[in-house]
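Letters are used for the chains, namely A, B, C, D, E and F, taken in the order the chains are written, and counting of residues starts over at 1 for each.
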């Protein structure tokens, strides 16, 4: 039995709140249970140096946690002098995931930066970030379309993410912090709306895992991501 | 006429939302118009090295802005390698303001860290931070009292803050971003519930200002801070 | 009675020594009692990026303390990895104070950097810095005029600064280190030669202060700054 | 056809050279084709703070590349001021992989640090690092056993790693740099000698990939890692 | 008697291995006894800013040590946040030494960066670096000549280096780590193939040394460097 | 003919001013011509970690330049984020030079830190620093003796330093900035009062130099340092 009483294949309650920022071109406050992430999309008329002059755009992401988003207060990253390895790993994952569903030529020579700031953490902050970031990105693209900045829609597909784990010997979906702390294996899956894989990351925290367990987790993730994409569709509806 | 159409002595609408964080011992989301700051109080059972063994506690503050809390996206401070001078100046101001109304002996050898994170900025983030931080601090102290951690109330008084400025030659209260950008003089006042001054900071951005203008701003601030303290009282009611 | 035996409204002995640097375009060694600050003005034919092409100049300041300028040796800032928050706060104050009396259009597209390096500290290093920096700035402007680099004098007025405090319940002028350490309230005032205010900073270190005490300090500061401006005039005479 | 002319399921020539360092307790120079990594194991009689007093040991890893290990010279990380996100990600992967096959209780309160320094890079540096690091770790454990420092063997199993990818639409094993640069999907697999999974990381660089492709890559990796473990066994034979 | 049993004027066995890097334009693995340094030369078609447009080239060097190149594992410099003072001192010494034998006009507006990475340290890493770096530089220049990139040979002369010391009261050549740790005086000499001096650095670690001892060390160094240059000639033969 | 019109063996006018700091245990403002360095000695009752409990003391040095001590304003090191390689090299040289004339056992478990801050630079700042630092160190030791903190004098001998160079083909003593910029070879010599060598550093900036030139410079330096030691004796006399 999971601490959260959920069935193995249950997502936590998921909610999206759009247009939560007065300044950003697109924004979304996403909640996966008690995990809350503020996602904003910022549009700029310039691209990184290595892309300049090629007519292609870029989508990148940054990630942060408020110091008391966690059970124990963490040190503020600005005081630590640099983003931690974990932070850099997550922001590169979010960026790769979003770029998989954007046509950079149609975007034109512009950059969209997605900021994912965790207001409250209860496990799954990176998967909530990717899933909410897609909504902010979508709204930013609509903002551009409303201003005739792009002639064709650069957004190819949905993208969403969910975690799975081996907990108490059983494969389960969408771990909260309590489950995550005790899981033997921790995995994150990123998929498109059409069901293809963008990223698979599975790590044994304790015992190595079997290929069968990996397949089971893939199946759980596929179902969960299907529901997340449906929720994204209702949100932007 | 102010861009915000307010009278010279009008505050923006001010709202406090308590208990917005599941993890923090006290928390408050404060809004001064479109300025939104998340304030959390984190209690720790240790004090800075130079206080150890003296039986006294400490209250300190940290301040940050989400990258897209501003009109143009700012660089994330964790990427910049260190908190900017402005950030450090503000967090020391918040800390000093709160310490002015706490009896450190009654707090005992513990530290309360107040994090003020700006979710959306529209001028006056430091004054909103101080005013909201007091509510988070208050709730943290009540949390401690509920657990019999302190025998006497360490909270001596309210503290609140507001900005004033010379705008179009006239002294006005609680500047928003648009007014702040054009003000000739920018001032911040911090006062206790009993009406004494904790901090006065007034800076000529363009023309120097007169002593009469300083007195006028003091009078505006006194009235505004009185209203903020009344709102704090209703909030903790 | 003040530890320094001075009356409440007495400045310490103030001295200016000009042309103390062989290399700088203007320089001044200023002493407020035992506080000694070396001020140099460095002229450059370029302005910060955001001013380029606008025909306007810029004045900025940097501040430092020699490691053993203080009673106990301090850590060298170059070893600490970055200027402290206090250092940044002071250098921005000096810069703002000087810019209040310079016409940036008349200066032309050039930058003057004022370095204020504390050789010996005994309280009031920031106010001595501002007061001495004006002399270095003045001499730099004269150096430019002697070379026909400016057609009209960009220096509009004098600027000088002094500290005040509430010490033993009484308001006093120009605190030395011993007084400063024990003062309940610490304030710094920056005024122009014509008596207008450029900056007011007053902080309660212990007890909050009253509006009457603030007015008393303002009156003390006005008289003290008047004397400092007279001394500046005699120096450049 | 692969640029390297290899069949889809072919490893590059793999060689291990033991005892290449005079100072280290264990060391191995590993080559996967033209990729060369120097792995050293350093034993210390202390563990990280959070493990102290618990009787358990720790295994950690650091990773670096010589500036000219790559086609174009890279900036030296010591000059860059901090290890890059990629470096941190890799060193955490190596550490996790090794810890999966060590019994920390049997190791006792000691730390083994594995340094993996890339002398020459031609793709697959992280998988070569893990595979060679196991040999250095093994020799360090034997060094301890020879000195009666452990009563039972803390090394539970072999661990090895290999990359796979989708290249020209086909799944292939052990990509070199040329193949890696053009692959649509890039994956790394870490498995134990008994065939269980420690880590799966698969990323779409261009097109998302299907579940079938993931399974095919898993099968290739399983066969390749089997061969690598056989080579490890012959090396330590 | 020296711990290494060598006569006072004996070098350790010296070996050069060329073309050890697949990517670099020139490379050399040099061994002075158990000291091993990998030297690579990297050619770039740009020079530092202050040289641009002058038609002259530049030669610079960087130096590093693998963490376990030493008896006790050292902290990785990338983690330490910056190259140490010792590292900077050594890389400037290597750069100056090589530039003394290169005609920058004949090199043309290009930069050659020599990386010297210590794989194993047993004293004399800086002198081995200079001596091996010359071979890598030589091979890089030949690489350029083979591609008709220079019309005249920019390499003017050989350069090599050796350490000397006062050990047990006696002057000795080419100290290993054991001798170096106990030497009263430690000196490094850099000379050209024609016998002129490029650099002399002699430091008393304990007792000051006499002018006679300096002359004796100079004579030992002259003979040793003569042998090193002969070995360089045989290597490039 | 030298730009300074001095004969080859002439020092610049040298002056020492003692007790220039109110706070330091010893201090000296030293001038070598237009080069001015403020040297302070700071006594602390603790030693670096690796010396603790051994009954021995330590002498260390730090060095800095005021930003406008030079012809062109330099960047402030505190802003640059770390002391430059040159700064670190100089402060280690000053420290080694002073330690050569101090008996660490007689000093007891205390540390003396010498700060050398260049107020004005005109060549030879490191040699002026060493020579002036000895006076500050001497006065610090006398301060300790006056308080019966040491039973025997820990100061064994004088130490002083001077530069030499090959300028226009001729060896000359004590180069000023103009000479230093054009010298083919630049050398620094540190000697004790009894005429032994503590440090020799000679670098070819252009043409390599001969052994004869090195000997000539040694002879010039010996005579110059003799005069500097005489001046130190008169100063403390």
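Going forward, a contact is a pair of C-beta atoms (placed from the backbone, for glycine too) under 8 Å apart; a residue touches a chain by one contact, two chains touch by 3 or more.
The structure displayed is predicted, hence computed values, not measured ones.
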Both-way neighbours, i.e. chains that touch chain E and touch chain A: D
From the options A-D, B-C or D-E, the pair that copies C-F, where over half of the contact pairs coincide: D-E
Computed distance of Cα centres, chain F from chain A, in Å: 59
Interchain centroid distance [CA atoms averaged], chain B/chain D, Å: 51
Inter-centroid spacing, chain F versus chain E (mean Cα positions, whole Å): 28
Separation of mean Cα positions, chain B and chain A [Å, integer]: 33
Residues of chain B touching at least two other chains: 82-83
Pairwise touch network: line, ring, star, complete, or other: ring
Ring path (origin chain C; first step to chain F): C, F, E, D, A, B
Of all residues in chain A, those that touch chain B in their complex: 21-24, 27, 34, 38, 40, 42, 44, 62, 64, 66-71, 73, 76-83, 87, 113, 115, 117, 119-120, 122
Contact set on chain C toward chain B in their complex: 82-85, 88-89, 92, 96, 100, 187, 191-192, 196-204, 207-211, 214-215, 218, 222
